[in-house]
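Below are structures written as structure tokens.
Look for chain A in each of the two complexes below; its partner is chain B in the first and chain C in the second.
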Partner chain A sequence: MKSSMTFHKVIIGLLVIYLIIPLIGTLLFSIAGKWDHTILPENYTMKWYMELFQDERFYDAFKRTLFLIMMTVGLSVVIMLPTIFIISVYFSKWERLLQATAMLPYGIPPIVGAVGLIKLYSDGPIQIAGTPWILVGAYFITILPFMYQGIRNSLRTLNAVQLVDAAELLGATKFQAFRTVVFPNIISGILVSTLLSVALLFSEFAMANLLVGGRFETLQIYMADKLNSSGHLTSAIVITYYSMILLLTGTVLKLTFKKDKGPIMSNKKRILSIFKKQYRQKNTALEGEN
Partner chain B sequence: MRKIKKQKIYLLALLLPFILFVIGFEIGPLVAMIKNSLYADDGITFSIDQYLTIFKSKFYLQAVKNSFIIAIFSAVVSVIVAVIVAYSFTKFSQKIQNRLLMIANMTSNFEGIPLSFSYIILLGNNGLFTLLFGKIGWDLFADFNLYSWTGLILVYVYFQIPLAVMLIYPSYQGVKKQWKEASSLLGGSKFSFWLRIGIPVLLPSIVGTFSILFANAMGAYATAYALVGSNYNLLSLQIASLVASDVTLKPQLGSALGVLLASTMIGAMWFNERMMRRIRRDLR
Partner chain C sequence: MSYVTIDQVTKGYDNQVVLNNISLTLKKGEFATLLGQSGCGKSTLLRSIAGLEDVDVGSILIDGIDITNLSPRQREVGMVFQSYALFPNMNVYDNIAYGLKMKKVKDINARVKKMIEMVDLIGKEASYPHQLSGGQQQRVALARALVMEPKVLLLDEPLSALDAKIRKNLQKELKRIQKELDITTIFVTHDQEEAMTMSDRIFVMNKGIVVQSGSPSEIYTTPVNTFVAKFIGNYNVCSIEVFHKLVRNSELKGKEVAIRPEVLQLVSTDEDTSDLQDNWRIEGFIKDVSMTGNVLRYEVETVESAFHVDYLHHRGKMFEQGAHVQIIVPKNECIIL
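Showing the complex of A and B:
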């Protein structure tokens, strides 16, 4: 029994080392001064970070990414919240159609999406290929599955339909009911899916590169462009970028953990858990037979 | 009555922005891509030339094959690793399990450009480990070339493993301790338990995870772009250079390849669904 536990410890140890080594290596490299013939760096320095933080291009790229994210996520909340609310309250027969439309982008890789978008917007009446606006539209669709899931689930937990009925009985108009009852209650509920979307867009490269490229340099494009510069500088970029992602996903994990106290299943893989649920149901059915 | 109707129209108007976005950026591009793939190079004549070109060209078939092999290979390796690792997960206390999942979750975000960066920094031509191993005199990495098939596999497996672990881990919760006890009471060995009960229960999850990983690798672009640029013949890289590069712009051909890629992914999902249904029927 004891020896089998050692076996599991070794397995887990190897996995953790395998997953963490590239990160540790990059981190060390970004703060290393001289490091070419020893196991650990001979001396440490912050000069690569100083160099990075003095680079105007880095800030500009960062600002552009932030602009895109805020535009897209803001637009998504403003549009999706009423849409899902209206459909689930007044047009419930369309709910399946809405679900299919919202989940479809999950099965389309960005590279395929980009092919059609380029075709559609490089000529014809709306020529927005190469401008940030095409990215706003494309990203709106990219985050659609996550926003849809988040908003629909919080509307359900809130019992929004019954709440609006109650508010109407008490004399409120539909709009009043939405604005004063549903909206304030839902905002904290969709925080997680909003943060997820932010993290997802933060790391989006394919669409940005194919649709806009160097004409609107986002953080990811900036990184790809720096590919051939000094290894120390690029590691500093990678570490800075990854810390931001960690901060975002860390917040998401904490929020989810607090909410359901279950095992951690968050991140973009949360969507995939839909298909997991089917097994769980099956298993509980089997348990019932025990 | 009239008031209700008016209200409905008003509500429908509120749905308009959503409908416009979906048509403009989801359905529209898909239709445009399929339509575009059915035109000859001039963009006017209606034909299936593009598909014929692909199936006659060694080059593009090679791209499809390379993507396919890399997707299958990385998915198989990751699923095997994940099945073993996720089982080991379950042997630890709940607190440690949560920590381990957290690590898997965090590292699963390390993908695309930054991941390739990291591998180039560590194992590239002038990489940290490459130089270090060279000085120490380990020949293990002498023949290793990151900018090749081996390198791509290495990086693909890295971003697939955390995802695979997170997808397979929950299904181990479905393998109940009582079943193990029942099986051993009835004289079953540990091996026969896994063969007859454990693996069949896990199988739908394994197959499902496999098809997700396969699709994930087929569509991956950023990682390959940063690592091998256009030096390696992969489907996603070819599509990108056909629709968005300055040298070889052939949007119709790119669209046809895009349709092929999309159908492979739909095929993977369909396969997944079918397999699960079949396995479930057996269980009942």
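Showing the complex of A and C:
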């Protein structure tokens, strides 16, 4: 019993080290002055951060990325939540179709998708190729699997159909039933999907580069550009937006769980554990880029 | 004057008929039970009354009002689901108060308090459903439906997820509350014993039709067909030809004969049974003896078919396995189907 506990702790410890080392490396590099043939940097400096924070382009890129993400994720929640709810509760026959549609993005490589999108939207009735809107559209599709799975699984585990039945018999309209009984119980599930999507989009490069590139410089494109001039600066960018995401999600979690005691509390752990997964994803993504 | 009327209701899914021209009526304050095997359409009928399913043909009336085309929220019907369907984001108090809040009635607090007292949940007001036992969750579900003072209370196998002891307790309690509020109740179960103990009236269903209705004792003592006889009372059923051969007499006419296992008596073959006026005799031997608590069940093999004979288990003579016996069959207990 006891030895198996130690075993668990060692495994988890190793995992944490594995996950955290690249991050620490990046952090060190972003504040390193001279770092050639020593294990740790010879001296430290904040000059990369100074440079970064004095660059107008950085702020603009950050704002653009934020706009894109909020637009996409917001749109996705507003459209997908009612769609999935209505289909799974009242048109369960069509659920397979929706599921297949939602999984489609996995099957299309970004390059192929991007070329197709540019072709499709450069003339005809909707000419949005090269504008941020085409990126919003593409991102909507990119995060579709996450949003779909998250929302549908929450509805399933909740047994939403029966709760709506019960609420209706107690005098609630369908909409009231959704608002008072279904929504509060799936909000944490939606939050998880949303945060996963935000994290995913923050590190998306292929689509952004191909679809809009320099015409609408997002953080990723800005970073790719800076990578050519200075690795230190790139590390500073990475650390900055890491901190941003951490701050953002931390705040959201706090706000969501402050007033709830009881049943939803246990979800907090679930969300936190998903966050760990997210880190790993991001790390591998960054390693690929650097 | 009937309070609930179900008039020739038919409903199917895809190409399968689930409710086949069902008609039944209930009096006000009656405790009625739909009894039948799994898949015979009990839940579907209940959900149709609640408005959670549309019927294809027929109409449903409550208190003289045709509710066939009303939405669930307009029907003033309360329902308790088999899986309780409590709202996980609300505590006991809020679960029970939910309907009253939706209807925006006054004195919510007083009514909820009274109901909590009635179902014996005082002190649990602030607990969430996942913090309650199965029996307690069931009480919350019941209180949540009852607090609305529905015209009809629908209970879909509300006790089937509970263990035997709690189940017995809740049966009594449910009955007490039902009498106290004098609320017309339709109860669904596939447990014939539960149906017998609780109901004023039982509707036995089979494959989407009501095959028999009546008081528990009517159903038990005078089943109308083989299905009811076998499903309700473990009747011994045999064809008339076999029966004629066994009793060496062809007085009885009909198709099949049904006899309850507890009206039969066993005597040993050498014993002289005087009263042959009112009884028939069948010879056989004891194939098996089993005991279910207070009842001894003999399986007696005869030349044609096996009979079950039930005895109350008390001290005294007991037949051994393999013993040759005569079954004494009272003539007036033979039911012709």
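Criterion: the second predicted complex is superposed on the first by the 203 of 290 C-alpha atoms of A that agree within 3 Å, B and C clash if a C-alpha of one lies under 4 Å from a C-alpha of the other, contacts with A are read in each partner's own complex, and residues count from 1 in each chain.
Methods note: a residue touches a chain if its C-beta (ideal position, glycine included) is under 8 Å from a C-beta of that chain, and two chains touch if they have at least 3 such contacts.
What you see is a predicted model; the values in this text were computed from it and never measured.
**Student:** Looking at the overlay, what does A:Leu163 touch: chain B (first), chain C (second), both, or neither?
**Tutor:** second
**Student:** Would you mind checking which one, chain B or chain C, touches more residues on chain A?
**Tutor:** After superposing on chain A, more of chain A is contacted by B.
**Student:** Tell me the contact category for A:Thr234 with respect to chain B and chain C: first, second, both or neither.
**Tutor:** A:Thr234 contacts chain B only, not chain C.
**Student:** State whether A:Gly171 touches chain B only (first), chain C only (second), both chains, or neither.
**Tutor:** In the superposed model, A:Gly171 contacts chain C only, not chain B.
**Student:** So in the superposed three-chain picture, is A:Ile17 touching just chain B, just chain C, both, or none of them (first/second/both/neither)?
**Tutor:** neither
**Student:** On the A-aligned overlay, A:Leu247 touches which partner chain: chain B = first, chain C = second, or both, or neither?
**Tutor:** Neither partner.
**Student:** Thinking of the overlay built on chain A, is A:Leu97 touched by chain B (first), by chain C (second), by both, or by neither?
**Tutor:** A:Leu97: touches no partner chain.
**Student:** With the two complexes superposed on chain A, say which partner A:Phe205 touches: chain B (first), chain C (second), both, or neither.
**Tutor:** Touch status of A:Phe205: first partner only.
**Student:** Based on the superposed arrangement, let me know which partner A:Gly25 touches: chain B (first), chain C (second), both, or neither?
**Tutor:** So A:Gly25 only meets chain B here.
**Student:** Check whether A:Val181 is in contact with chain B, with chain C, with both or with neither, and answer first, second, both or neither.
**Tutor:** After superposing on A, A:Val181 lies in contact with chain C but is clear of chain B.
**Student:** Does any part of chain A touch chain B in one structure and chain C in the other, and if so which residues?
**Tutor:** On chain A, the overlap between the chain B and chain C contacts is residues 263-264.
**Student:** Using the touch rule from the top, collect the residues of chain B that touch chain A in their complex.
**Tutor:** 7-8, 11, 14-15, 17-18, 21-22, 24-26, 28-33, 36, 81, 84-85, 88-89, 91-92, 94, 97-98, 100-115, 117-122, 126-129, 131-132, 135, 158, 161-163, 165-167, 170-171, 173-174, 176, 178, 201, 204-205, 208, 212, 215, 218-222, 225-226, 236, 239-240, 243-244, 251, 254-255, 258, 261-262, 265-266, 269, 276, 280, 283
**Student:** If you look only at chain C, which of its residues touch chain A in the complex?
**Tutor:** Answer in residue numbers: 50-52, 71-73, 75, 77-79, 81, 83, 85, 87-89, 91, 98-99, 102-103, 128-131, 144-145, 148.
**Student:** Looking at the complex, which residues from chain A come into contact with chain C?
**Tutor:** 158-159, 162-163, 165-173, 176, 180-181, 184-185, 262-264
**Student:** Can you check the complex and tell me which residues of chain A touch chain B?
**Tutor:** Interface residues on chain A, with respect to chain B: 5, 7-8, 11-12, 15-16, 18-23, 25-26, 29, 35-37, 39, 79-80, 82-83, 86-87, 90-91, 101, 104-105, 107-120, 137-138, 140-141, 144, 174, 199, 203, 205-206, 209-211, 213, 220, 223-224, 227, 231, 234-235, 237-238, 241-242, 245-246, 249-250, 253, 263-267, 269, 272-273, 275-276, 278-280, 282-283, 287, 290.
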